[in-house]
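Here the chain labels run A, B, C and D in written order, and each chain numbers its own residues starting at 1.
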Amino acid sequence: MTKIKSLADLKKLKGDLQSKIALREKSDTPEGRVIVKVAMSTCGIASGAKDVMEYMIDEFEKRSIDAIVTQTGCIGYCYAEPTVEITLPGNEPVVYGYVDTRKADEIIEKYIKNQELVDGILPVNYQTIEKDKEE
Amino acid sequence: MTSIKLKLKESEVQQLKEVAKSFNNEPGELINVLHKAQEIFGYLPAEVQEVVAQELNVSVAKVYGVVTFYSFFTMLPRGRYPISICTGTACYVRGAEKVLDEFKRLLKVPVGETTADGKFSITCLRCVGACGLAPVVMVGDKTYGRVTTDGVKEILKEYEDQE
Amino acid sequence: MIKINIDNRTVEVEKGTTIFHAAKKLGIEIPTLCYMNLGDLNIEHKPGGCRVCVVEVEGRRNLAPACATDCYEGMVVKTHSMRVLNARKTVLELILSDHPFDCLVCAKSGTCDLQDMAIKMGVRSIPFQGEKSTYKPDFSPAIIREMDKCIMCRRCETMCNDFQTVGVLSGIHRGFEAVVAPAFERDLDHSECTYCGQCVAVCPTGALVEVDHTTQLIRDLADTNKKVIVQTAPAVRAALGEAFGLEPGTLVTGKMVAALRRLGFDYVFDTDFAADLTIMEEGTELLDRLTRFLGGDKEVKLPMLTSCCPGWVNFFEYHFPDMRDIPSTARSPQQMFGSIAKTYFADKIETKREDMIVVSVMPCVAKKYECTRDEFAVDGNPDVDYSISTRELAMLIKRSNIDFNSLPEEDFDKPMGESTGAGVIFGATGGVIEAAVRSAYELHTKKQLEKIDFEQLRGLGGIRSASVDFDGVEIKIGIAHGLGNARKLLEDIKAGKSEYHAIEIMACPGGCIGGGGQPLHHGNPEIIKARQKAIYQEDAGKPIRKSHENPYIIKLYEEFLGEPMSEKAHHLLHTHYFDKKKKDILID
Amino acid sequence: MAKFKMHMLVCGGTGCRASASDMLYENLVKEVKENGLEDEVQVVTTGCFGFCEKGPIVKVIPDNTFYVSVEPGDAKDIIAEHAIKGRRVQRLLYVDPTNKEQIADSKGMGFYKKQIRIALRNCGMIDPENIEEYLAADGYEALGKVLTEMTPDEAIQEMIDSGLRGRGGGGFPTGVKWKLAAKEKADQKYVVCNADEGDPGAFMDRSILEGDPHTVLEAMVINGYCIGASKGLVYIRAEYPLAIYRLKIAIEQAREYGLLGNDILGTGFSFDVEIRYGAGAFVCGEETALIHSMEGERGEPTFKPPFPAQSGYLGKPTNVNNVETFANIPVIYNKGAKWFASIGTEKSTGTKVFALAGKINNVGLIEVPMGITLREVIFEVGGGIKDGKKFKAVQTGGPSGGCLTEKHLDTPIDFDNLLAVGSMMGSGGMIVMDEDDCMVAVAKFYLDFTVEESCGKCSPCRIGNKRLYELLDKITKGQADKEDMDNLRNLSYVIRDTSLCGLGQTSPNPVLSTMDNFLDEYMAHIEEGRCPSGVCKDLIRYEVIPENCVGCTACARNCPVNCIAGERKQLHIIDQALCIKCGACLEKCKFNAIAII
């Protein structure tokens, strides 16, 4: 990676990265990809987030689902760890709590494959600050 | 204090000296060096502190003063499976004390000590920041959340079969 | 200058002055247990830890520690409001609640700052009961540590680390368990302690006291089969009076001699005599080294360091063992005295070594250790049997129903009680080297000194240097008191940066007058200055002021030793040093 | 592939379940089935919406209809009207209390403004180990802006204008602190990030470092530019291995991208960050103690002045801010001081992250605007008290704070208000207690902590807190008298008044606040020898209730000291002399036959 040399460089890079991420999420298929974010903070990991993440990666491959799984920090629902956020193409993100491998299996089968919601959704109960959108 | 001098492994002493050197043998790096020393030896016996003092050119008394100030540093060897019970506020109000009592009862050692077979040791720590899982117990690096008194037995069982 | 108001009175002080000092200007003594300021000696200890000095500052949420809070323009301070007095008393009660109640049998009773404070605050009961800190007492050859009595003022830690750079004591543990101790809570005996005793000198309570030899002494004095001989160090006479309510700096040589005689000593001698002897040996050694050096001898070790201070000797044995060939090999005056007393003088009075008890009265705690060193004994019989401190002597005088202040002035016995002004000034920093210069100059140049006082060598600066013209040869002299200052000079020597030919080192602030065995100065540096003045006053009043002119010293060489540095002198008056550095890290 | 047209989310949070959401769920499923809508409408339960006061809640997707206070009987209407006819059931809609308007779409509900994520904006959103995700989320843009468009003075002014106050506990205005450090002249200055989160029960700093480490780095560089420092140090607890790991990655990546190091963004400004480790000493949260610890010394605080801004790390001017404070900073520069100051209250701007814990349903991290009430936090955002118990107290500010009660619930939370009611903001721990918590025991718990964490330097903290603890212990054992209460109070005042640092100055707060708010509990221990909450072991007994005991032997089998006697199917008896009051029997008894007396 070459160093960012100026503010202009930084802004350009940001634009590139945003479209790169958008592109990555679109994939080649018309439906786009499933985005899975696993909360991997200390409490998440302590409650088994790592196993869940590994399980989901494996299962997506086995079940030929076009998904990208990334880790992220704590969303704050500590009582419901491990938590997993799933964004189906064209849909609002949905967060599931108390996810173990069994629950993960249910989520894959019902929600990801069939868009059938599964019990245990954690409703979003906060506001985010608006991000400054570039051009 | 035991008067029997502990023999340190030369390779480990050498490793420690390298660590000190990597910190330019700066007295100000004492705490960083002690962290590394504890990683190398597992604990900080007097003999290790003497090496640290010598390498950083500070008095042994000062090293000892620092070691005894911080609860993270220990002068006692810990068990192969060190058990740490979080006694932070969240864990306290959710029954950490009972969990601690159960560990003490089952292992028959007080806090800060190691079982005779060197397998388990019990320590208390202040908040690992996993309050959502209170009460929390750590065995080595592994964290157990929402531990009940019944769960204590199960946790121990996991390790009893090993070795 | 800023104006502040304390207890409804206004005072003008310089910016940067603390409330404590501003109050002092108004004659208001704010009590403290931890604050210590030895002014010129450059030791200021203000941890703000005891919290006894708290005062009320208008507009401030909580109370302010007077010792650590700087004044600002328009500040309004109350030092004895109800809130302050209640807080101060409560804090004191807390300290007392973690302190043994054995005042009546405590070594510090009567000179204890904590006891004083309890009296002052009118403490009649302790409302708090609970766990008390308990520690194993530590008995070393010189210092006793009873940490149950520690109040965590940390003065000892400052003296041991910042001033002396010895680093034996450190705050350990934390919270209620916090205390000051050597590494791994080992005994002092197993540490690198030099026994300088500065921790003892500043301890406000009985946590650190010297080993007490008074009972042994009373027993020996009562033994009619024993000839008990006492020697008194120069600094003792300049401070002993303080224990009897006399102004600091009052010379009590004559009364002291009278008191010792009344205590029952068979001979009352003076360590100053041995100091003169030290100059003969050490001065000769210096001249020898200098002559060889000037003659082009590359092997000769220069600068030469003095060796009369036992704390200092311990210090280099522990911290600079590879430089142990630099100090003079001359024994300290205490040991030279013992050695001569148990040979030359024993023969004179036809007493067997075993039947003779040599006691020294020293301003020092390390002397108690020094006389126990194996090399200073013959077949297990020590040259000096034991050493008592100035404080112990004062206690003994009181115990023996002697009204010190009404005693007549008496003279020391002969022959070992005769001394010169040069021997006296050993008691103050710079004195040993001045005494040495007085003699070395005359012996080297074969000329009379025109002016005996070498003002340039005196003072209280931590490290001082001067050069003396030895008839065309410039001799560079360094002086350090306090082992921290000594360390700096040693490190220069080690790095080859030292230009000195001779260096005098004393472990204690101000030299022996500020020794660990002196009446407590309670943090008042003026006391040390007054003692220093007294030492030079005694010197000025002496008819003979150069060691080599002491007729009894001349006689001693004629009758017994031969020449300075003769074989006999070597055997009796010189020593060697040890490498005490710990290097036994065991490796498997 | 079955695709539902409509989803009905039924709140399955504990609060709602207490108000019969289970039955509601069942009824909805039944209605769906009866109407043959199984393939069109899906009913699912969810976690807590954080609106328990108006529970049970049903949310309908895709139109975002938000029904409140729904009763099981309403299931019929919801399905018949909403699912079949596509008409909202008006009577179940939420009514905005301010303007009495019905709100159908949950997106327009003020309720969601209860939490605003500024410091936590990226936590749970981006991959913390990937700088690119941070960059895509406006990362380092504030830095670019400050370095190229603002002078240090202007940047500091912006910080002052934002009104941001230190989130570590004291609440000192951040901009003012920067200004102090900026005006000192020195060859070297330092920026220190205090990540030694020692307050038990608070973990926002860990979460931020684990979830968004770059925000802290970015803010530190900005801070360095403002005060003229080229070196930053993060003082982090060694107990946070994951945070350390991610921080290290972040530092490496930032260096790689030229966002740390020499000539950042071609502006000629250089700044780099190192990590220093704490070693388990709460007092090191105090800045002077922290600095001593970084210098390799015992973490004992020293008297201020001199402040770290004048003489800090290695005697050089040093600015210390905590993690959460830093996490706010990039946003302030991106969106402007005015925007930030518009959130929260006049004197406490912005948001505060709280770690909700204890006897509360939604244990977790929340970020709420300053000025929100404790009631809103506990009963709405936090989902109320666990197991339907009664709220008793909330402890804020950790060991330095106090216990607040019912009467404080409507106090708007900000730095000054909390102080005024005898507690403090602290680092944002918020521990909720219910009727089962004994307030004397809680005060004792905090004092136990303080006693262990006191550095021991000053007498009132070293000995005073120990004595406070012992007095409390005496009370919990029923051995205290009224005089002890006087001693307790006087001692508390004196410790507060005379201690050297913040630790001792605040350590009596848990005692004073519980004495003020729960005096009756103290007196019950002292005068009646009774612990009203049934917590203090020495004052309680476990007894078998004969009418309820069926002789199942469960208690006897689980008693660790074998002090329960009784044959199968016969009344069991506890031997009080042997009982260690562990409570195992009570836990095991399925017949409510054991009681605390």
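To be clear about the criterion, contacts are C-beta pairs under 8 Å (C-beta built on N, C-alpha and C of every residue); 3 or more make two chains touch, one makes a residue touch a chain.
Here the structure is a predicted model, which means the values were calculated and not measured.
Interface comparison, B-C versus A-D: the pair with the greater number of contacting C-beta pairs is A-D. Closest to the protein's overall CA centre, chain by chain, comes B. Centre to centre, using the average C-alpha position, subunit B and subunit C are separated by 44 Å.
With centres set at the average Cα position, the gap from subunit A to subunit C is 73 Å. Separating the centre of subunit A from that of subunit D, both taken as means of CA atoms, is a distance of 25 Å. Centroids of subunit B and subunit D (each the mean of its C-alpha atoms) stand 27 Å apart.
Contact of a single residue of subunit D with at least two other chains is seen at positions 203, 206-207, 240, 281, 298, 363-364, 452-453, 455. In subunit B, the residues that touch at least two other chains are 58, 65, 69, 128-132. Among the residues of subunit C, those touching two or more other chains are numbered 171, 173-174.
Pairwise, the chains that make contact are A-B, A-D, B-C, B-D, C-D.
Of all residues in subunit C, those touching subunit D in their complex are 46-52, 54, 62-63, 65, 68-70, 83, 86-87, 90-91, 94-95, 97-98, 127-131, 151-152, 154, 171, 173-178. Of all the residues in subunit B, the ones that touch subunit C in their complex are 1, 5-10, 13, 46-47, 49-51, 53-54, 58-65, 68-69. Note for the complex: subunit B touches subunit A at residues 128-133, 136, 143-145.
On the side of subunit C, the complex with subunit B involves touching residues 161, 166-174, 181-186, 191-192, 582, 584-588. Within the complex formed with subunit D, the residues of subunit A that make contact are 1, 3-7, 9-11, 13-14, 17-18, 20-21, 37, 39-43, 45, 70-80, 85, 97, 113-123, 125-129, 131-132.
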